[in-house]
Every structure is written in C-alpha cells, then in structure tokens.
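To keep things clear, I will list the structure first and then write my remarks on it.
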Amino acid sequence: MSVEKILKRAAREIQDGQTINLGIGLPTMLVEYLPLDHDVMIHSENGVLGTGRKANEKEANPYLIDAGGSYVTTRPGAAFFDSAVSFAMIRRSKLDMSVMGAFEVDQEGNLANWKIPGKFSPGIGGAMELAQKTGTILILCTHTDKYGKSKILKKCTLPLTAEKCVSRIITDMAVMDVTPEGLVLREVAEGLTPEEVIKATDAELIPADTIGSF
Amino acid sequence: MNKQATLEEAIAQIRDGASIMVGGFGSPGTPFCLIEELIRQGQTGLTLIKNDANEQSIGISRLIENGQVKKLISTHIGLNKKVVGMMNDGSLEVAFFPQGILAEKIRTTGAGSFGFLTDIGLHSEITDPKDVIVWQGREVKIEPALYADVALIHAHTADHFGNLTYQATAMNFCPLMAMAADTVIAETSNVVTPGAIQPEAVHTPSAFVTSVVAVDTDRPEYGLMEGRYER
Amino acid sequence: MNKQATLEEAIAQIRDGASIMVGGFGSPGTPFCLIEELIRQGQTGLTLIKNDANEQSIGISRLIENGQVKKLISTHIGLNKKVVGMMNDGSLEVAFFPQGILAEKIRTTGAGSFGFLTDIGLHSEITDPKDVIVWQGREVKIEPALYADVALIHAHTADHFGNLTYQATAMNFCPLMAMAADTVIAETSNVVTPGAIQPEAVHTPSAFVTSVVAVDTDRPEYGLMEGRYER
Amino acid sequence: MSVEKILKRAAREIQDGQTINLGIGLPTMLVEYLPLDHDVMIHSENGVLGTGRKANEKEANPYLIDAGGSYVTTRPGAAFFDSAVSFAMIRRSKLDMSVMGAFEVDQEGNLANWKIPGKFSPGIGGAMELAQKTGTILILCTHTDKYGKSKILKKCTLPLTAEKCVSRIITDMAVMDVTPEGLVLREVAEGLTPEEVIKATDAELIPADTIGSF
C-alpha cells in the first residue's frame, strides 16, 4: 500500500527524455509506474542503457539481467557495454537522475544506504559512484523504520554513501526537498497533516508556503 | 596461434595461491565450466576477484564453500548469505571496492598503468588517508591498479586465435579482466574459425587471450533461474 | 532523446576559444563535413586535440591554415609540412604526447578520473620532474586527464538517440573523445532508427552523444587517396 | 638494393605465431618479405590486429589504413579496436616484437628515432610506448647516414625514444646483438669483412666466436 503510494508519486518525477538509474529494491519497481507517453532511458550498471520492464519466462534471456538480478527486456535503441564504460557514464555524470533507497537521509542531503556496521555490510556495489556523481538523487524510502524511528534525520549516524548528494526524498508520508535553507516539506500524504509529518520526523522540516498532498 | 585447449590443460595452468579474476555480474558472464574444473583439480589458497560471489552453491560460491579460497575482492555479495556468513565468522577474507572503481582498477592494469586519480569515496571510510594527495590544488585519491595471474571468463563466441564476443550483460567485467591478467582462459560454447567474427564485432582482441576452451552450456547454471522473471 | 541536428545548429554550439577533440587517425574517422562547417562559421582561438594534423589542405589542416586554431595537441604531424612549418615559425602552438598516452589522457576524462600513473617516457625529455612521484617504492609519472568542451567525430552508423558504430580504423580516438567531451557531435552518412543497431554492436552508447548530424560523404576527402594503394 | 638486403635478412627474425608491430618506413615493407608458411599477426597502432599486405585499388577501403597511411588488407581473424585498447595491448606487453627504424642506436641498446632537435620534431607517435614495452625490439636501418657517419654509436646523442630497449640491429652491413657484455657482431653482409664493418662503426663491436654472412 505505502509502497504503491511512494512509487506512484515518484513516477511523476521522471521527465520525458531522461536517462535514469534505478537502484535495487523499491526504485527498480518504478519501471512499472512510468507514464506510457514518456520516453526514458534506464541505465543498469551491469552494462545496459535501455532496459525495459521485467521479462516473462518466454522473453527471458539468461544472459540479460538488470543490476538486481532480474531478467529484463530491452527497448529499441538499447546498448550493451562493459563495466568500465558503464561507470565511466556514471562518473562522467551522463545520467540525469538516480533513484535510490536509504537507511538514513539527513537534512543536509547526506545519504547512508550501504552499510550498518556490525549488522549489514555486503559491499558497496555501485551506490557510492551513483550517489556522488549523478546530477539529481531522488530517494525513495519508508518514512520510519519498523520500530517507528524516523529515517529522515538531522544528521546521519551510519557510514555515508555520499555527502550532500540528495535532491528530493519521497516517503509514504511526505515529499521533501533538500535546499540551501534546509529540508523543505513540499507535500504530505493524503490523510496526514503537516504537523503529523513533522512530529514523525527527526530532521527539522521547513514547511513550504503551500503544502500539497499526494 | 591456435589457442584451443582442453578444459583440463587450460585450468592446469593455475597454481596454488594464484590470484584469479572471474568474469560475471551475477550469473551472466560467469565461466561455470572453468570453475567446476578448478574445483575438480583442487588448487587452494586462491585469491578471487569478482563483482559478486554468485549465489549460494553455484559459481565461485562453490569454490569458496569448498575451502579453496583465501581472499575475495568484490563489490557486493548481498545475494549470498553463505559467503556473508564466512566473511563474518572470519573464515574468508573479503575486500570491497565501489563497483566502477573495481572495474577501473582492473582496466588500469590492462592498460599498462599503475593507478589512477579519483574522488570517489574520498572523504568516506573506504579511503585510507595515506592514499590521498593534493595535486593541482585538488585533493585526490590514488587507486592502485589491480593485477591477477589468471582471468577466467565466459564468451559468447571465440575464434581459434582468441577473438571474443560477449552477449548482453554477460560482457560486464570480462573484457577488462582479459586485458589485465597474465593468463586469460575463455570458455565458450561457440568456437568458430578465424574470420567468422567480423573485425568490427570483436569485443576482446585475440592478443589478450591465452586459451580458448570449448564447453557445453547445458549445465543448469547457464539457464534461467526460477523466480527471476515475470509470470 | 532524438538527437538529430542540422550541420549548422550542431556546429553553432561551438564558441570562440573552445577546446575541441577531433576524431581520426589520418583521414579515417576525421569528420570532414563538421570541420567544413566550422570553417564556414569561423569560430577562432580554438584548441584542437587530434592524433595528427591531417594532410595539407584537408581536415583540420584547413582550420589551422585558416588561422582559426591557437593550439594543437597531437602525437605526430610528420605528414603535414605546412603545419610543421607553422609550428616552427611560431604561428601555431603545438604540444605532443605519445600516442597511447594521448588516448589514455582522453579516456581518463571520459572515465571521470583526474589522471593516471605511468612509466612511459619517465626518464625522457617529455617528462617534467614535477610530475614524478615516488609511490609504493616506485617512481611514476602522473599524467593529467585531458578535457575538451567539444568532440567532433565521424561514425559509420548512428541511430536517432546517438548510439554509434565505427568502421575499420575509423574508430581510433572517436569512442574515447565521445566519452571525454562535454558536447559530442557525431556526423554519419547512415542515420538509422533506434533498434537498427544491435545492442552488442554499439561502439559508443547514446548517453555520451549530444548531436547526430546526417552528412553526405561524397566529398573527395572521404574517398581513396592516390598513391596509398598498390597498383 | 641495401634496403632489400636488410628486409630479406629481417624477415628471418619473424617466428611463426608471433604478434608484431612494424614501424613506418622500412619495417612496414617487411610484410612483403615474410615467409609464406609463417602465420603472423601484425599489429597496427591505429587499431588493427591482423593487417595483411597493402591493398590494391580494387581492395582498398578508405576507412582501413595502417599507421603509415597506406590502404591495407586484413587477414581472417583480424580485429579492430580503439586507440586506448591498441596501446593497452602495447603497454601491457602483448606484442612479441616491434620492428623499428633508428636515427641512432648505441651499444647499450638505447634508441633514438623520434626527434632531431632544431631539425626534425614532428611528434612522438607510438614509438616511445612500443620501444619501452615490447619484449623484443628489432632495429632496421642503414649502417651509416648519408654523410657516411655511423648510426651505431657508443652513446646516443639525440633525445632517446627509450633506454636499453634494443635486442638486435640489422643494417645493410651487419647483424648485431645487444648483450650484457656489449654489442656483438653476429653477421656481416656478403662481400664485407668483419674488420670493414668494425671500421665503419662508432660503437665498440665484439666479434662473435663465429661470424656468419648474409
């Protein structure tokens, strides 16, 4: 339910003609929500520009997966390349937007999504380069963890993926923008008041002049 | 110039204690047959360099589970609980690099260079301050080139000389590893005569390849994995 | 995502004083039509980066002879007496690098890195001692990445998105320059719809390309040069 | 005449199965002298592995030249690649032999073939990387310059292409090997005595136990 809410709202962020990378998990699912009239190039860091939706059993090619390991289709105009070229594209900032998950994001736009010391450290993957070098970083995550603790913090506590990289955060409760003035609350989920969102958030939220709903 | 070799003689080039780059991002590009022969021959004390650890009970995970591997250099092993467990209990030494940095470290050896200057993770815990220099007024990190004795890769097609092509996302680290390692062993189920691959279509030129091994890709690892496609 | 542009509007992206990488090793890969339009539009104070200076009266030699070029960064201009003369009389500033070092400096920018460590020419006159460091017990030279505002390249085929393929030795520096420059303009006589190029056959992925210009390759520069083949 | 002598002798240096680079000028002409039963891969630094003999007008492809600018054919099993890969192959020492010309070579194996200060400096090209990184460097040149001055010196005077890189030198007068002991005279051209060669040479030549002729 909340997942679908996040994805529907996130799909509106993608512009026609953009080149985007969708991180493993929630962001990958965004493919199914993209507006049909939008022509988008999806980059997968294992060496594809132009993946499409997931493949069904008939279409699936055992040699064609996305970075999350799912069999995918490709669109006309797709290209395959090696991992050095794939990350050249990332580090040379040729992607317009990366959509990523988060363990923690803070009001300065710092992002932590790769390691929980002592608990979870399966490796860095492509996250650090994507976060540091993509022009726009869109974060999708639940507003709070399973204990109800805010993931949107004053200051990240976990090892950072990249410093001051996040542009916008979309959660099941709110849409927030990282600005020079601080973290601005733009929209709240239907049924919630700005006060409820602010109360559930560790970061200092600056209410926008007009707060929309989604 | 004919580099065709049997599975046995190709893998027999590998010594105990060797450092081995293994192609593949997940399954695509992983040389499962070469790995099986390495398990059969039983070389030990190996250092493996691969994007990931494959999944439990397949690919390099079998080498690791079999105790032949001392150290793994990788980017992400999140899909393999068994290997994560071995890392956590200390029975396997693991080093991680950001994915594109690992790729570039490998290519740097392949290009005959010794390192490159980057700002990825400069101020993060992955950077040892001793690798940071101030150069042209900017802080940069020196990433050393990463070398290996052997590369094991899976190609879609190979000719007798060792010209290779890759299919779809099975390319990934393979062309880079072919450039970097001293001994490069490529498996393929399509061995063709020289000239059958158009010169413009070659992904890895023959000069980088030591041995071409014809293999059967009937093993289930080369097929579709359940649950990874839509119904 | 459709990057097709007219010759005029593509070249109009170039400003006076721009740094421009130009593809081609000799004639193959040289974007003669893009160069002609640059002569017609007349941008000046340019820095050109190309393997060679083409031959007298063709390609970038025409830009240089026309006084539009302030500096040339190259590897070898021995086939062009006119440009050698301009270098010797001081009317053109020229910097030389070893050929593979020039290629690697360009690719290094393309890979988002800042430089690389090499031992090529370490103890020769091409090395400024201030670029030499001792690192891991070894003397190495830091080669800075080479950047340009614009790349002008010739492709065999391009689709509307900017996926490119090259033919034979017309590949040379083109894929590297496409990665390195901010604005990448590719000319081709074969514009095709997306999907017409197999994903495995793409040499330069579309993300690196800004503009695709359809050109006629009827100009004599694209044809055979007399005296360069056997009778 | 002397050119043909050099080339005929040089062709005997090429082993079946080798990967070689032939420098502009004299070395390129070696293609026509290779034994027909030898299977050789010729590397051209502009991005080919597997060039063949020069193309005739009918075969010539305007997009397919060698590093000297001649239209060439390719052999089955040839590959094209970009300039970064081409020099990766060189710097990673994947070539067995490079055959090069010389302005000067000295008895320590130092090579000068790219620059004559004040007179000739058209650029470095690929020479420095080839000379420094190829396992075996074979030098082909006339024994003396047009003024009769020896090109085979005690010590090079021109800017070096690479230090201590040369293995063997073949001139119109002699075949010489760079060894830890010094420059060894292996063969002299028919009609010449070792003494005549030694007299025409600035470098100290160490006569081999048996000196052949060619």
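Per-chain numbering from 1; labels A, B, C and D assigned in written order.
In this text, contacts are C-beta pairs under 8 Å (C-beta built on N, C-alpha and C of every residue); 3 or more make two chains touch, one makes a residue touch a chain.
Values in this document were obtained by computation on a predicted structure and should not be read as measured data.
Undergrad: From subunit A, what is the lowest number of touch steps before subunit D is reached?
TA: Minimum number of steps from subunit A to subunit D: 2.
Undergrad: In terms of C-beta pairs in contact, which of A-B and B-D ranks higher?
TA: A-B
Undergrad: State, to the nearest whole Å, the distance from the C-alpha centre of subunit A to the C-alpha centre of subunit B.
TA: That gives a centre separation of 29 Å.
Undergrad: Would you mind pulling out the distance in Å between where the CA atoms of subunit A average out and where those of subunit C do?
TA: Here subunit A and subunit C have centroids separated by 36 Å.
Undergrad: Which whole number of Å gives the spacing of the CA centres of subunit B and subunit C?
TA: The mean C-alpha positions of subunit B and subunit C differ by 32 Å.
Undergrad: Name the residues of subunit B that each touch 2 or more other chains.
TA: 104, 111-113, 118-119, 166-168, 171, 199-200, 203
Undergrad: In subunit A, which residues are in touch with two or more of the other chains?
TA: Residues 48, 80-81, 84, 87-88, 90-91, 133.
Undergrad: If you connect every pair of chains that touch, what shape comes out? Choose line, ring, star, complete or other.
TA: Drawn as a graph, the chains match no named shape, so other.
Undergrad: Would you mind giving me the full set of chain pairs in touch?
TA: Result for touching pairs of chains: A-B, A-C, B-C, B-D, C-D.
Undergrad: Considering the complex alone, what residue numbers of subunit D touch subunit B?
TA: Touching subunit B from subunit D are residues 17, 19, 39, 41, 43, 48-50, 74-81, 84-85, 87-95, 133.
Undergrad: Which positions of subunit C touch subunit A when the two form their complex?
TA: Residues in contact with subunit A: 1, 109-113, 159-161, 163, 179-180, 193-195, 197, 199-200, 202, 205-208.
Undergrad: Going by the contact rule at the top, pick out the subunit D residues touching subunit C in the complex.
TA: 44-48, 53-57, 59-65, 67, 69-71, 80-84, 86-88, 90-91, 121-129, 132-133, 159-163
Undergrad: Can you check the complex and tell me which residues of subunit C touch subunit B?
TA: Residues of subunit C touching subunit B: 104, 108, 111-119, 133, 135-136, 138, 140, 142, 144-145, 165-168, 171, 199-201, 203.
Undergrad: Provide the residue numbers of subunit C that touch subunit D in the complex, in ascending order.
TA: Per the stated touch rule, the residues are 25-29, 51-52, 74-79, 84, 96-104, 106-107, 118-121, 123-126, 156, 166-176, 203, 222-225, 228-231.
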